[in-house]
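Paired with chain B in one complex and with chain C in the other, chain A is shared by the two complexes that follow.
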Partner chain A sequence: MKIMIVDDSTIVRTVIKRYLAITKDEIVAYAANGVEAIERFKEHLPDLVTLDITMPEMNGLEALERMLEIKPDASILMISALSSKDTVVKAINMGAAGYLVKPVEAHQLIDKIKAIKEAANEGSGFKRIFRWRRQLL
Partner chain B sequence: MKEADLSVYSGGVDNYFKQFPDSKVVMKDHYPMEDKFVFLDYSAIIGISGSRKGGLYVTVPTAMIDDLITAMGVGPADDALRKDMIGEVANNIAGNAGEVFGGDFKISVPIVVTGEKHNIELPVAIPAMTIPVEWKGHTSFLVVGTE
Partner chain C sequence: MRKKRKNIPKSENFSVYLNKTRNDWLKIVSMLSFTLIPTFIVLDYIVMPDELFAKFMIFRLVVSGILIIQYIILRMSSRYASLHGLFITILAGTMIALMTNDLGGFDSGYYAGLNLVMMAVVILVPWGFAHGILNALTIIGIYAIVNVLNLHSFQIENLINNMYFLFSTALIAVSVSQIRLQLLRKEFDANIHLIIAKEEQDTIMNSVDEGLFIVQQEKEDEYVIGSQQSEAVTQILGTSSLAGKGFLEALSPYFPEKIITDLAEYLFMIFNRDVDNDLIRDLNPLEKLEADIPSELEIENKMLKFEFKPIRQMSGEKSYLISIKDVSKEVEMENRMLNNEIKAEHESQMMLAILQQGPAMLQDFVHGVETEISDIEKAISTDNNTEELSDAIETIFRAAHSMKGNAALLNLKFFAEQLDVFEEKIIELRDSDKLVREDLQTIESDLDIIKEVYTTLQGLIKNIQEFQGKKETETQETALESIPGALTELVGRISVELGKKVRLIAEKTDFTGLPASSAYIIRDILVQLTRNSITHGLEEPEARVKSGKDETGSITLNMQPDGDSFMIDYRDDGKSFDFAAIRKKGLESGKILESEVEQWNDTKLLKLIFDSGFSTAGESTMHAGRGVGMDIVKQRIKNMGGDFKIKYRQGEYTEFKITIPIKVLQEV
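Let's turn to the complex of A and B:
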């Protein structure tokens, strides 16, 4: 699976990269804000993106929307310190595949990615239909 | 600012430092911030909007931020990493408060400053509370002022 890591913190990007070494997925790109993330996303078309929300230039929710317009079947995992239910629900309704609240431990990230992979494999057809429908609304 | 609100932010500090189980964080009794803002070597300021307007900042000595960077397994520490680290600490504390305060609680990206002299103006009209935070023998401060 091709993964992109988006966070304005170098430290967080490094820690997520270290956690993901366990999954042996390929990290194809990094970005430090939403604008950069969209550019890298277009170049690499990753299968999964870990995406922060509070970032300069363009926040993660805007980036989420743009990424799913570009590749509707991409899995976007939000990883943010923002923990209000409203924000979590908004991200999921926008099409995020999951949401983790910072600080995130390795096992939480690994478990979530495993669940996202399983969901993607089992329900890819349904997921595509759901996202196409969402885009039409 | 209500006492209960302050405990939400101190809960955010606790939650952040839980990822380092070998070294416990201790928060001392809070007190009202007096005339002068305390700024140590590295500080990250976050603006808060919505129903609780105001802001918070975290200020730490270099030795503590270096220990935090080491604890994260990243390094060696330099000025850029220190700024990155303190910004992330403040972002976590402020962001986690949204779980209690709800969707109307909006935070800015952190502004990081170094040393005591800078041009950042804080809303002195809003009473602020200071919470001393001790970790690994270092003392830092969380200052919160919201309506």
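Let's turn to the complex of A and C:
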């Protein structure tokens, strides 16, 4: 899975990169603000983005909207402070795949990525049919 | 149709239910019979021989008439259902049997009518095996007996044929009747279960402390509250039922608009996005928050906690069980615990402060506070005109300020802080335009807080004194002597807080002839003077160095009897009075008129300082700025019949020479 990390803090970017070394996913790009994030996103079309909500230039919600316009099936994980519940709700309503609370912990991030991968697999073939059947019964 | 039946044994209950059902069906059978039997007259007219038509018509009309009467009886009472059933069977059966007899006995094909009777009575009414068989056999029996009694010649094959059909119909009818009886039993049990379940549900809904209801999404932005809700909903929210209302609309009176918009976003998310339980819980915008609940008389403030639990309904639609809890008490408890912690911290601080003081000082402090509190209480209870009210306020103010000074002297921070808050309230009152008696009473509760802290303090002091085993007489003698030491400590503390360097030098301290009880007054005067010096007179270290002084300011104190008087010589080496500031403040407060400003010389301005409510400190702090310190000094001295003189030199020093008649001090 191609992953992109968007955060204005170098420390957060480094920390997430280190966590992702565990899952062996490929990090295709980094960005420190919204505008840069959109450019890199267009270039690499990643499957998963960790996106900071509060950033200079363009905030996370705007960036989220643009990214989903470019690639609607991209999974975007919002990274937020505990206090901005309402913004997270907005992000999920706009199509974000989930969120992580700062400071991000390794197991949190890895669990979320795993869940997103599973959901993506479930989205195709027999599994989907079986899921429908289960729901119907 | 079916009434709720409570507290009746189940079996008996079923027989009542069964009887009622049979009665209902019998009415239908009866109605069918008295309508169908006459309509057959048309068939008779076509197919019957003319000589029989009139006779059959009479049969039919008579039977129909009887059935109408029976129908009326069935409507009036539901008793004797089985007898009614048998009656219809016999009546209709006999009629048809007689007709077959007229039409050729066992050879006649008219027996088919009997099948109709059997079907109507046995199939439609849920009799079960026994009674079903009884009815069926009765019909067949009547047919056989009537035709045997008036026997026509017949072919045996016809009889066999007819009986074959009749018995087959009987078998089918009885089986159906039995099955219907069983179904009825099941239906009844299911109903009972429903009733019990509903009762249980009602009991739960009426007794849980949580407000419970279900919310479903109707349209994109419409979330509707379900029909069932617990009693607590109305108690917590103080409204009538919310059933069928919009969830957002129902909550909007209680919360600010921002919360409602957040809630709308949240509801959209939990209904339309793939969310797990953690997400639902973590992003809940209504997790413990304040709500304004209008009750009968006032708006009540409650802390409410909402929870959203996802449930899948049978229809497959998503809905949420909402639970509301009133957590006001829990939150209050949490706060109280927090307050208790703070209080305990204050107590230990006070305890430490007390331990550092000599018993004489403490004794004296307790005595002083008691006097001041009783002065305040006296002032509060004045019931006179406005002028005296403002005097009362001044008295209260002075007393509070004096207590604060003494508390600060003993480093009783918490007590001093409380008194500071108290003073703040009194300033508000003093500054209000129209003062009424009721205003004074409003500070009573504030005074209670002061008293409470004082009581705690008194308890602490008493405990410590008992622990230290000091006798009262011993403490009396040293109260006066402890003044210089206490002042030195006070100077140390205030100067550190204000970033100044000050030392107190007590040169002569001779209290000969003074009783210990006078210590409080003397100390009170000195505390005010000292605070005033440090706040206003003495400069910051840098400023002192600049003007060529020692960076540490000094306060020099001489106390001794001089003839009939006791003399206090107080001097600080600060910058002395700032007349420009006094003039400015005087103008601002309206005490000096713009037009008369020229006439205000330094001497006149100095007098202004000793007016109540006048201060030049930049802003009011714990230590100065209330504009009451110098006023206290003046009042105390005046009350004792004493006098004071001021000497000063701008930028160099200020000196107070105070004399109080010893006689008066002895009488205190």
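The criterion applied here is as follows: the second predicted complex is superposed on the first by the 120 of 137 C-alpha atoms of A that agree within 3 Å, B and C clash if a C-alpha of one lies under 4 Å from a C-alpha of the other, contacts with A are read in each partner's own complex, and residues count from 1 in each chain.
Here, contacts are C-beta pairs under 8 Å (C-beta built on N, C-alpha and C of every residue); 3 or more make two chains touch, one makes a residue touch a chain.
For clarity, every value in this text was computed on a predicted model and none was experimentally measured.
Undergrad: Classify the contacts of A:Asp8 with the two partner chains as first (chain B alone), second (chain C alone), both, or neither.
TA: Touch partner of A:Asp8: chain B, not chain C.
Undergrad: With the two complexes superposed on chain A, say which partner A:Gly60 touches: chain B (first), chain C (second), both, or neither.
TA: Neither partner.
Undergrad: For A:Pro46, decide between first (touching chain B), second (touching chain C), both and neither.
TA: After superposing on A, A:Pro46 lies clear of both chain B and chain C.
Undergrad: Any idea whether chain B or chain C touches more of chain A?
TA: Per-residue touch count on chain A favours B.
Undergrad: Name the contact category of A:Gly34: first (chain B only), second (chain C only), both, or neither.
TA: Neither partner.
Undergrad: Could you tell me if A:Asn93 is touching chain B, chain C, both of them or neither one (first, second, both, neither)?
TA: second
Undergrad: First (chain B), second (chain C), both or neither: which does A:Lys85 touch?
TA: A:Lys85 contacts both chain B and chain C.
Undergrad: Do any residues of chain A touch both chain B and chain C, and if so, which are they?
TA: 85-86, 90
Undergrad: Quick check on the complex: what are the chain B residues that touch chain A?
TA: Its residues touching chain A are 15-16, 18-19, 69, 72-74, 80-81, 84-85, 87-88, 91-92, 94-99, 101-103, 105, 107, 109.
Undergrad: Give the list of chain A residues in touch with chain C in this complex.
TA: Touching chain C: residues 85-86, 88-90, 92-93, 98, 119, 135 of chain A.
Undergrad: Residue numbers of chain A touching chain B in their complex, please.
TA: Listed in rising order, the residues of chain A that touch chain B are 8-12, 14-15, 18, 54-56, 80-87, 90, 101-103, 105.
Undergrad: Please output the residues of chain C touching chain A within their complex, sorted ascending.
TA: 262, 265-266, 268-269, 272-275, 279, 282-283, 285, 316
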